[in-house]
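What follows is a set of notes on a single structure, which appears directly below.
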Amino acid sequence: MSTEQFTSTQKRLAEFFGSATLVFVIVSSGLLADGMLEASPSIGVLFIGLATAGWLFVLVQMLGPISGAHLNPAVTVALLVTGDTDMKTARQYVPVQFLGGLIGVGLAGLTFVSTIGWEVFAISAVERPASTWLAEFLGTMLLASAIISLIRQDSEWIGLAVGFTVGMGIIGTASTAFFNPQVALARVFTSGIAGIQPFDAVMFMVASTFGGVAAGFMWRYLWPRPSLIGKQEPKPDDDSVLEELATET
Amino acid sequence: MSTEQFTSTQKRLAEFFGSATLVFVIVSSGLLADGMLEASPSIGVLFIGLATAGWLFVLVQMLGPISGAHLNPAVTVALLVTGDTDMKTARQYVPVQFLGGLIGVGLAGLTFVSTIGWEVFAISAVERPASTWLAEFLGTMLLASAIISLIRQDSEWIGLAVGFTVGMGIIGTASTAFFNPQVALARVFTSGIAGIQPFDAVMFMVASTFGGVAAGFMWRYLWPRPSLIGKQEPKPDDDSVLEELATET
Amino acid sequence: MSTEQFTSTQKRLAEFFGSATLVFVIVSSGLLADGMLEASPSIGVLFIGLATAGWLFVLVQMLGPISGAHLNPAVTVALLVTGDTDMKTARQYVPVQFLGGLIGVGLAGLTFVSTIGWEVFAISAVERPASTWLAEFLGTMLLASAIISLIRQDSEWIGLAVGFTVGMGIIGTASTAFFNPQVALARVFTSGIAGIQPFDAVMFMVASTFGGVAAGFMWRYLWPRPSLIGKQEPKPDDDSVLEELATET
Amino acid sequence: MSTEQFTSTQKRLAEFFGSATLVFVIVSSGLLADGMLEASPSIGVLFIGLATAGWLFVLVQMLGPISGAHLNPAVTVALLVTGDTDMKTARQYVPVQFLGGLIGVGLAGLTFVSTIGWEVFAISAVERPASTWLAEFLGTMLLASAIISLIRQDSEWIGLAVGFTVGMGIIGTASTAFFNPQVALARVFTSGIAGIQPFDAVMFMVASTFGGVAAGFMWRYLWPRPSLIGKQEPKPDDDSVLEELATET
């Protein structure tokens, strides 16, 4: 993705808008199912998973060409390990990711004030016990792995891959797939089923960051940065221009 | 999308057919779940969300090359703000979008007359209170944002992005995602769970239109119209044809 | 799709295999949900819709390059009206489509003999009353419309469009989306929730065939066969080869 | 897929990582729905189906360029029959596929130890009676067929096709879609709804392997290996380079 055309302010706005919208849809779908439609817990989690899969796909498609659509400090860290991003970018992105998430949980709550009431805002008491931290580590490792491999392939499928890894992780893992430190922090501030109590949020933040780091190192071995399969730029050589053309297609 | 090949009558027919089909599937899936299959409210909303995601994707894929597949006055307005469409087109599209929606809700009701009865036609009494208007504003802003960005990218993923933004918004937002003034009007005229009482429909129409306008202005800053990343036509210059060829690929 | 490479026997085998698999998954998912898992009717229909969407997408992707993956006499008829197929092909395809469907419902039943018993085979008594015939007409019109438009665009999305039109039509229309005469016939021979009583099957066959014909005529006006937007072959002209190359990209 | 760039160790790591993750998500989504959220059996199967569809798609997209992303001995066998892979590769892949699956079921159980307890590890007693073995044969035949055809087409849709064939097979077939001998073995070692008792696992392994073989022979007739539709490399001939260029586009 060639993002050189955009200013760092535009990129930070993209990361902010995307991070806020991601948290918005996670919290909002949970409040809709559980608070308004009185769904069973499993249908509530299904709502969150499908809604997140859909909108996260859209966010990556929409913002990818601008900022790379990390929206997730653990992804930014993984791309630091592989060399796909740099410290300057990381320092610009991570604060607006966290800020976006907090705005997102606030906006989501506001849209339910008329139907559920102000009690949507609360410090969550939902427990996420120790074995689910392992799920966060493994799941974030898969998420970052998918992103790194699809960057290597210069693939158009990265949006769907990110959306499905997180969204279907929500209905597929013991932690219901946060896989994202800023999302873990933001989800402390809701009374809905998407919440997480503060201590467990800290553990999720640690586990998902380590998952990103682990993926970064695995892919430094599996597919290091310079090698691009089937997408290599034509190497300048001594052959005539015409021969070079003949081998491209 | 190069739509110059089609006459304005063909384009208006495409907008009419698409708008009618969009409302048809929203109302019909709700009647099927709630009126025929006696599903719980949450499963009813899930039916509407998934069915709308699927068919709206199909409509955009099918009609996009002909009319641009707006099917939504708020999208037409957003594209007016960014300069991606013009007033003449807007004046042609918006009336047939509203007309299509009304035909769509009528046809949907007709297909349930044998199983549910003529009471499917009614002025809806379903309330959509004030905080859900904010959800309409925010959701339509996301929808229009996705469309504008994917137009900028000349992306093939626009159909899936539109389908998932609306369809997964239905299970992900406090308003169950109308995001479309003509849909809000049409859904007044059904007794099903997809309905909306008249006053709230007016507020939804206002909120979604403002959401489209807000997205238009945001993207005038984030990614204004002339800049097309990676899709630029080769500029004519003084270099030889062969050199030009060598840099393309 | 260039299908000239395949013999008519290979094409007929593809149509047979695809038609059988399509009916297999429709009937099988219904028996699984209703007969084995004791799901509620709405969850049963959701199973059928999602499973059909997924597998029909796969069948079109897999068999499209061989036979065009009609799998549906109403689609074959629609493509006759638009001139996208010919009578000789239609005469070869339609009998194996019907035969495939009958084999499909038989195999689906066999896979449930140990768990549900031989009563899976029966003449269905499920009623599909008159207003649902209108849903069949409208839905098949949409299905054939999507196929014709995506053929015009030479689009890679045709598999997903076909899968989603039918699969999400199952949870989105009063008829639960047969949209296919051979499927209507085959589904007479099952005791499951996917069944249809013989008289209604005949009416569904008529309605879906008319839907295909109506779509064919609509698209003869909206987008007749010779015009391919943005996919036109370079016209031979008097300019040099190099100039021609320079304008392609 | 050009996988020549990767070492056999990298390829085996990819097969191991993918096989483990595939089993992980199947077992984990079942434990989440049934053990933690107390979902009904049908919703439990829906969780497994959707989660598997999503993550398997991601795994194929992510690992396809490295190892081909078989993750399934029956697929490896099918590709042996068609000549798309060789015995040396098969001997390297199959053991790590089985090993990966066993690690995957172990990790999935570990993530539920705090919430469900150590009883997640058990020899399964879930029966999968005789008629479901036919479902395994037919479903694996479809899975391998889809893979072979999409390899022939050099299609980018292979990830989605594999994910949807298996994932929607889970909610669409009498066997709830194992379609994979290593998955059948691994799922012996869980107490969850995704389990299978040892004898039936052996029968599933046999049935799915035969399904792969049958698909291989069918496609040796339908679309043998050398013919690539529309993707043929330019044949070297006596014409000038320029003429060759003019015919490519």
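Which chain is which? They are A, B, C and D, in the order written, and residues in each are numbered from 1.
Everything below uses one rule, namely that contacts are C-beta pairs under 8 Å (C-beta built on N, C-alpha and C of every residue); 3 or more make two chains touch, one makes a residue touch a chain.
The shown structure was predicted, so the numbers you read here are calculated from the model rather than taken from an experiment.
The minimum number of touch steps linking subunit A to subunit C comes to 2.
Ranked by how far their CA centres sit from the centre of subunit C, the chains are topped by A.
Relative orientation of subunit C with respect to subunit D corresponds to a rotation of 90°, obtained by superposing CA atoms and rounded to a multiple of 5.
Two copies of one chain, subunit B and subunit C, form a contact in which under half of the residue numbers belong to both partners. Centroids built from CA atoms put subunit B at 26 Å from subunit A. Each chain gets one centre point, the mean of its Cα atoms, and the points for subunit B and subunit D are 36 Å apart.
For subunit C, the set of residues touching two or more other chains reads 40, 43, 46, 50, 53, 156, 160, 242, 245.
Here, these are the chain pairs in contact: A-B, A-D, B-C, C-D. Here subunit A touches subunit B in the complex through residues 2, 5-6, 10, 13-14, 17, 21, 24-25, 28-29, 31-33, 36-40, 43-44, 46-47, 50-55, 57-58, 61-63, 65-66, 107, 110-115, 156, 159-160, 234, 241-242, 244-245, 248, going by the rule given at the top. By the touch criterion given at the top, residues 40-43, 45-46, 49-50, 53, 129-132, 134-135, 138, 142, 145-146, 149-150, 152-153, 155-157, 160-161, 164-165, 167-169, 171-176, 218, 221-223, 227, 229-230, 242-243, 245-246, 249 of subunit D touch subunit C in their complex.
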